[in-house]
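If you scroll down you'll find the structure; I have some questions about it.
In this document, chain identifiers A, B and C correspond to the written order of the chains, with residue numbering beginning at 1 in each.
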Amino acid sequence: MSSYLTIKNLTVRLKNGAPILRAVSLDVAAGQVHGLVGESGAGKSMIGKAVLGTLPRALQVTSGEIWLDGVDLLSLPASERRRRIGATAALIPQDPLTALNPSKRIGPQITRRLVDILGWRKQDAEARALDLLGEVHIPDPARVMRSYPHELSGGMRQRILIASAFAAEPKLIIADEPTTALDVTVQKQILRLIGEMQARHNTALLFVTHDLGVVSKVCDTLSVLYAGKVVEEARMQRFFMRPIHPYSAALLAATPTYTNPDSSLTPVPQTVTDAVEREVREHDLRAGA
Amino acid sequence: MRDARGDVKRPIGLRLWLSGGWLTLLVLSAVFAPLIAPKDPLMQDLFLGRMPPFWMEGSEPGYFLGTDSLGRDVLSRMLYGARLALIVALVAGTITCVIGATLGLIAGYYRGWPDRIISRFVDIWMAFPPVLFAILLIAVLGPGLMSIIIAIVVIDWTRFARVVRAEAMSQGAMDYVASAQVAGRTRFGTMLTEILPNVLPTIVALLTLEMGIAVIVEAILSFVNLSISTDSPTWGGMISEGRTSVHQAWWVLVFPLITLFLTVLSFSQLGEGLKDRFDPVLR
Amino acid sequence: MTFFRNILIRLLTTAVTLFGVAVIVFVVIRVVPGNPIAMMLPPGATEADIARLQAQYGFDKSIFQQFVIWLGGVLQGDFGTSISTRQPVAGLVLSRLPATLELSIVALVMAVIMGGTMALLGTRYRDTKTEGAVDVTAGMALSIPDFLWGLVLILLFGVLWPVFHISGRISPALNIDFTTNFYLFEALVRLRFDVLADLISHMFMPALALAIPLAAIIAQLLKQSLKETMHLDYVTLARTKGYGENHVITREALPNAILPTLTLVGVQFTFLIGGTVIIERLFSYEGLGNMAIDAVINRDLPLIQGIVILFALLFTLVNLVVDMLYVVLNPRLRHA
């Protein structure tokens, strides 16, 4: 099975040397949805940012490889890497309210990159954008293309961002908590839409979320992150039936289900977090040695 | 602003020391001008007109920084000029500060109708362009030291009133003020003992900035001959004279200009430095 | 339609403000101690001479009557007669206005270019020594007023390295037969590049002196605003689309970062126009400001009145234009 995205031993540190990601490795294959779960601060968003080259300035990749569509991104010069990412990967951001430029119309925000980066003709790019807006079930796409972001609802904007992410037929899409900022009712529609689009375009999808419930609905495989370290990588069914790592099990127990909606109040036991902390320390010692 | 600085550290301490040092030097030379000035600042000697400063060819012993076209000693005139500059800075700055800060304090703490009246006034004032205001006032009051001071006060009180009002308002909303009131303090007493001390650092910083503004306003008005009589030494007057003879005797312009430059810079740096140091948000 | 209604309301309030300014100026000037008429006449003049002249200038009537007469004249474009030159104020003032307008606008353009460049550099190389240098330069430039910058420039480019003219608006030797007083504009239109070069050589230093403090403000505000914008999601998203840092700053962040800067620049531009008064004096530039100072020295009340009102008109117009620009640049307001 060929992988579109392969991360090998990726380590990201603060400028002062404190590790944020600890030798993270993972694979996302074509047409696969890979979930990336963990509590906030576990570093799951940083993996997506490292791949897309949008890490905050205070952070830097200190070692590892990021293979995207057969090329190691970290070995490329900066401008080349940027073009490569722009042409083969895309991001579905978390907050639809702030992810569209308020001073530009929707149309250009979808089409500009096709023209600027990929060298499409303007008419082709516009036709493509209209098609995509139709695909994400937006009524009257031609009117929406001429609208400004503030004229549209949050759900609409998230649909537009999804359409925009698929515009250049990327091999890989990174969805960074794409439903967290939305209403519960809209959340479901958006999740279904992302699944639908992913299946139709056969893209590899890296789905970053803190919500195991969401993962169970869309993902094929997943990685569990704690303190910047992957503690478990598994296929979906196996994970939900039999989580191997005690932290995964605790996380699973803390996820609300229909049969037991109050289980989110079950905290991850101290013994478990202590155990993982120990594991992380050992990792750091080994890395240091 | 804090994160804007990034890893570029600004030597706030050094800034305060340098500007404070220069201003102290200035105050001392103004106070002791009669003792340290080598010549009488008004003494003319037409045979010694436009003598260059001491390190240049053809300089006259005793006239360190040269003479102007009437043969008056540049250094002595600068020392005496510091007196007028500092008097204006002190008097105009203080009066402006007292009036503006009092009104701002009342408006910000008492709110209600005093605030409405004072704020209305501030708004009307702000709509009036300051330079025009100054021209108009000087035209009406006639040239002179008093006119300058009055003009500065009348134009700039709003600067204090606005800032102090906002500050007093935010302080007044805090719990410690309410508890002082509960403890039986009068409203006026609370204002003086609880609000004022907390607003004071801002007032001091503003006052320092205002003094710098007063110095420059005085210099500008002396420059256009609207300050006190033309033969008294003022920096602005010297600059005006130096401007006309800049090709023949650059030193008549350069020395007062450097002094004025450093003084204005020092006042503003001192004000900014104090603001940074006292501002609890920035600290 | 609301857009036009808003503009109409703004125009009305502008008119009210101007009326208020006129009233204040008029009243303040009439309570002036000392008799300006007496100063116009030679020392031996009789009481009758003074009375005759006062009647000629209307100073013998009550303030209210004077105001009504004056306002009636103003509405017909008659601002009275200058005491010192005995010419109509309107003509005098309008002949000087173009010089001041050209100077202010050139200064504004310089300030925007310098300040904008500094802000963009500071953002492009943020958290480096370059940004530190931008901060320090802007801080320095801001704490020194335009008057002192003007003097420093005179020393630098008038004396030490005399490349520019330090006084006047145009070389007297230059033979121009222009129809308007907008020399700069007319020289451009008529392609008289010799005149253009001469005008710029005169205007460069006063305009630069006026521009430096404003440039510093633009640099600080715009950089702050840009840096805040650079953290927003749509900027990050643009990066993932393959755009480089320069494109991201100028195309994605700049259009949104300009708005908060714009309003303040408008206010600061009125200060710049106010600054022309002293700067024109410093560089003996024949504009309104220079005339204003002469009028004050000569106690030429009708002329002062006319100049102050013209300045007030300029200021309110600038504010009006800024408000309209804000609406035009902000899609949220445009379609509201």
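To be clear about the criterion, a contact is a pair of C-beta atoms (placed from the backbone, for glycine too) under 8 Å apart; a residue touches a chain by one contact, two chains touch by 3 or more.
None of the values given here were measured: they were computed from a predicted structure.
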If a chain touches chain A and chain C alike, it appears here: none
Farthest chain relative to chain C (centres taken as mean CA coordinates): A
Geometric centre distance via CA averages, chain C-chain A, whole Å: 53
Interchain centroid distance [CA atoms averaged], chain B/chain C, Å: 24
Distance between the centres, which are taken as Cα means, of chain B and chain A, whole angstrom: 57
Multi-chain contact residues (two or more partners), chain A: none
Residue numbers of chain C (touch at least two other chains): 127
Multi-chain contact sites of chain B, meaning residues that touch two or more partners: none
Sites on chain B touched by chain C in the complex: 1, 3-8, 127-132, 135-136, 138-140, 142, 212, 216, 219-220, 223-226, 239, 243, 246-247, 250, 253-254, 257, 260-261, 264-265, 268-269, 272
Residue numbers on chain C that touch chain A, as the complex places them: 127, 232-234, 236-244, 252, 255-256, 329-332, 335
Chain C to chain B touching residues, read off their complex: 17, 21, 24-25, 28-29, 31-34, 126-129, 131-132, 135, 139-140, 143-145, 147-148, 151-152, 154-155, 158-159, 166, 223-224, 227, 270-271, 273-275, 277-278, 281-282, 292-293, 295-297, 299, 301, 304, 308, 311-312, 315
Of chain A, residues touching chain C in the complex: 52-54, 57, 79, 82-87, 89-91, 93-95, 98-104, 113, 116-117, 148, 150-151, 161
